[in-house]
Structures are given as C-alpha cells and as structure tokens.
C-alpha cells in the first residue's frame, strides 16, 4: 500500500524531528540527538515487535529507515531556530504519524494472530511508545501519560480499524476511515485543547505511606 | 493451582493500584493512570518473558488480565482519598503479591530449562521489576533500589522455593512454605522498618571524574 | 579467543563498578548497587540480543557472569573512598571495555546474518547501552547522549572491524586493529577533552508548543 508507506515515512521523519528537538533542550550532542530521534521514531514499533516476539524487527530488516531518521534528526536540529515557524506543519505531520503508526501496528499484530484487544493495544503501543521512550531518555514524566487527547486518538483509530475489518469492510476503506477519523479528532483536540480528566485528590498522607513502607 | 491463581489476581490488582496512585501524584490523566497501573502489575512478568524469549507473553495470550489491571487502576484512583484508610490492607496485598509473583516467576523460568541462579533471578524480576518500571515512568529513582527489605524478601522466597523443589519437596508444599515465609518476612520488615545497609561514602571527587570524563 | 574473553571480563567488572558508584551517589542500598552494576555491565548485550531475537541471552546461559558483576559492584562500593586514587586505571579499563564490547557485539550480530549497518549499530548498542540504562535507573539524562567522544569511539571501532573483515582481513587482525585504534582514540578523547558539537539554539518558543500541544 504505497500511500500508507509514504505516510509512514513522513511520520517517522516527524517523530525523529520531535525527538531531536527535545534532545536539544537537554543540551545533548549530535550523537544524542540522532539516538533520541531514532528511538522516538522507531521505538514504538520496536517495543511492539519485542512484545509479540515478531522477528526480525522492521529496521533490522530495513536499515535504510535508520538513515532516514538520523537524517531527519540532523535536519531538524539545524533548522531548530526556524521550527517554530513550521509548528503547524509539524503538528499536522505528527498527528498523521500517530494514526498511521496505529493502523500499521494493528496490522502487524493482527498478522501474528493476536486477539482483538491486543491488536488495538499494539496499535496504541506503536503510536505512542516512541514518544514515551523519548521522554524517559530526556528524564521527564512522559507527556503522553499526563495530558491531551493523544493516546485516546490512537485508541479510537485502532478500535475503528479493527471494528471495520471485523465487520467485513475492505482493508483500504478501513485504513482510510481510521486514519481520516483519527487525524480529524487529533486536530480538533489540538484546536480546542481537549483532554482527559486529571483526577485531583489530596493523597499526600497515602503517598507518604507508599514512600516510607515500600 | 487455584489458590495461587487467586493470589495472583489479588496481587496484580494491588500492583495496578499502587501504580495508579503514584501516577496521580504526578498529575497524570486517566489514560496515564491506566498505563502506569498496568505496567506496574504486568511489567515484571513481561520483562521476565522477554529475557527468556518465552512467547507469547502472559497478557497477550490472556488479555483479560489487562481489563483487570485497568479496572483496578481506575477504582484505586476514584478511591484515592480513602486509600490511606486502607493502607494496612494495601500493604498486606502488596506483600502477598510480591511473594506470589516470585514463586510464579520461578516456576515459569524453571519451565524454560534455565539454571537455578537464573530461575531465582527471574522470580525476583517478576516480583520487583513492575515497581521499578513504575518509578522510571514516574521519573524517580526506583524505590526498590534504595531501601527496605523488599527485593531481599523476593530473593529469600525464591531461594527457598527452588531449594525445596531441589530437595524433592512437592510443588504445593514448596509454594506454601516459600509464600508463607516470604510474606511473614515482608510484614516483619514493614513493622520493624528493616532495611539493607546504605553504604555512605564521600565519593564526590570520584563522581566529578565520572561526570567529566565519560 | 582467550585474550578477548579476558578483556571482556575486565570490561564487565569496570562497568559494574561504574554502575555501583553511580548508585551510591543516589544513596541506593546494597541490593540497588548490585542491580545497577549488573545492568550497566550486561545491559548492552541484553538489549542487543533482545533486538536481534538472539536467545538464550549470554548471562542466562552463563550465570557465572552475574556472580562476577555482583562481586565487582560490592568491591567497588567498599573501595569507593579510594576509587578516586584509581581513577586513571578505571578510565582505562572502561575505555578497553567500550571497544571490546563493540567488537563482541558486532561479532554476535554478524552471526545472526544482520546487514553491516545493523552489525555496527549492534556493536555500539553493546558498547554504550549499559551505561545508558544505568543513567535511566539513576534518574538522569544519559551521559552518553550529552557529551564526549564515547559513542563515536564505539562507532569508529565497529566500522573499522566490519570494514576490515569485509576487506578480507583475518578475524584476529581485525579485532586487534579495531580494539587498538578505538582504545587509543578514547584515551586521546579523555586527554584532550574531545567532544561532538552541541547545537545551541533558542528553541524555547517551539518547546512551549511541543509541551502544550502534544
């Protein structure tokens, strides 16, 4: 599926750029930017395949993806001063990547015979785990766990994709519907700052217990 | 073994709750709480199986465990204000879970033909690695590495279990002895604040060297 | 190859010591020091083998390595006050370990039929990923991503090793050349504080965007 593959390449470039920019904020050197960019772009698929025991990993079989992510990381670092001018384009590419990663991840998991719940979860893993690993390497609580309809968009796209396939819809139509719906939902979430609730509670007395006794 | 399975379910619920509460402290949203709870509950077994190449992973074959951990995370978040009233019950469940995870992990590792040292280590991995991953996601130095007889309890339970099996004791008796002894030891450790020594040393001059030259 | 194996043992001892010392700085207990030391020493090879699906892992088949790293971690912790006197010896052992890990990692990856780019990358992974995991467990941005010719030395050694084998040079000569060159380069990097560039840029406006909208 050529279009999906093209979207995938745009997506890993956008993710590699996001990793490189986060690394710059942490004053990483050129090597660090390339590592964080590559982990952000390919980490989700890598974790998915390691969970499923699905070998060889995509980038081990196709190391040209590595050249692509390293190149994107370096370009992003060089253009960093101008990236804020490209912010909208960047967020759109990232949104497209999120839903494309999700659908691709569902596809690969389904191919291993995993159950539907696991298929959807592996789609989400592909979509959000690269950014989560980026944040761990950059020593911050992962953004995806804290706010915004980001993982939720991946969940909706994955459920839609798996549901449509299950209902007998063709793969092309299911892919287009899931990506289109997810992309639109993500842009709405950005535009209107939609987010899941954060449960606030005074749990300090309990926390002390956890800290002291575990 | 129905009793051990029941204990296992109590254990993953307790671990999922501990993850969700830690996530609340980091102001994570609902998705984040569910992820951290699930990683805390199932992360130890996942790492064990990925180290051993033991596929499919438990929760991939039995995704109902995921529903269980997500449910426990949400319930814990909703009850967070009252959790300090439940602190004792919670610590007891966590202690039970630690030793049950250990015995289950030893069993699975032994089934892959691993050597006794590795079997015991995989029991400990199952017992403590979920909490370690929870702390990495929550951006803090893992509690289990810092204090308390926690990993040590897992080590003792694992050695006892493997030693008893090796000595020809039946699996049921070995399981009961290891879990009972480990549970009692953990409760004593909580009650009397038992801990391993922390070696204190002025290593600042060396640390500077490590920081500067690596 | 006995000499390479001896170098490997020196290397994992040096890495385990570096992990234990970093753990002391974080006031970890004895168990924590042993875990961080072992992860630092064996983590790179473990990640490499999990990426390649190369089972059983080295230390699962040879658990005596675990005894070795735990022993080295404890000795380093006991000698911590005097380690600054040993700083030069320590940095030399670490440098030797870096290049030995790289060559060994390349060898194992090549044995799985991986492509040359992946072989070199797996050499680097073996060389630097243990230290990276150490820093994640110690809750800091990995040093290897921030400064110094460290990963670059591993890259050069790996490229040289793979290039020489490809050119028909014998394995012994290729190993000696790659280790000798990498070791010398690393010592020069320490002596003259050589480092890759850190790209500085005012990317705060973009960062805010990333923080707010992802």
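Labels for the chains are A, B and C, by order of writing; each one numbers its residues from 1.
In the analysis below, contacts are C-beta pairs under 8 Å (C-beta built on N, C-alpha and C of every residue); 3 or more make two chains touch, one makes a residue touch a chain.
Just so it is clear, the model here is predicted, and its values are computed rather than measured.
Undergrad: Line, ring, star, complete or other: which one describes how these chains touch?
TA: Shape = complete; every chain linked to every other.
Undergrad: Please state the rotation angle, between 0 and 180 degrees and to the nearest 5, that superposes the Cα atoms of chain B on chain C.
TA: 120
Undergrad: Shared numbers divided by all numbers used: is that above or below half for chain A and chain B, i.e. same or different?
TA: different
Undergrad: Could you work out how far the Cα centre of chain A sits from that of chain B, in whole Å?
TA: Distance between chain centres: 28 Å.
Undergrad: For chain B, jot down the residues that touch at least 2 other chains.
TA: 50, 53, 136, 139, 144, 148, in rising order.
Undergrad: Could you please specify the touching residues of chain A with respect to chain B in the complex?
TA: 50-53, 114-115, 117-118, 121, 132, 136, 139-142, 144-148, 151-152, 195-203, 205-207, 209-211, 213-214
Undergrad: Under the stated contact criterion, what part of chain A meets chain C in this complex?
TA: Those in contact with chain C are residues 18, 21-33, 35-36, 46, 50, 53, 55-57, 59-60, 63, 66-67, 77-78, 80-81, 83-84, 87, 91, 94, 131, 136-139, 143-144, 148, 150, 190.
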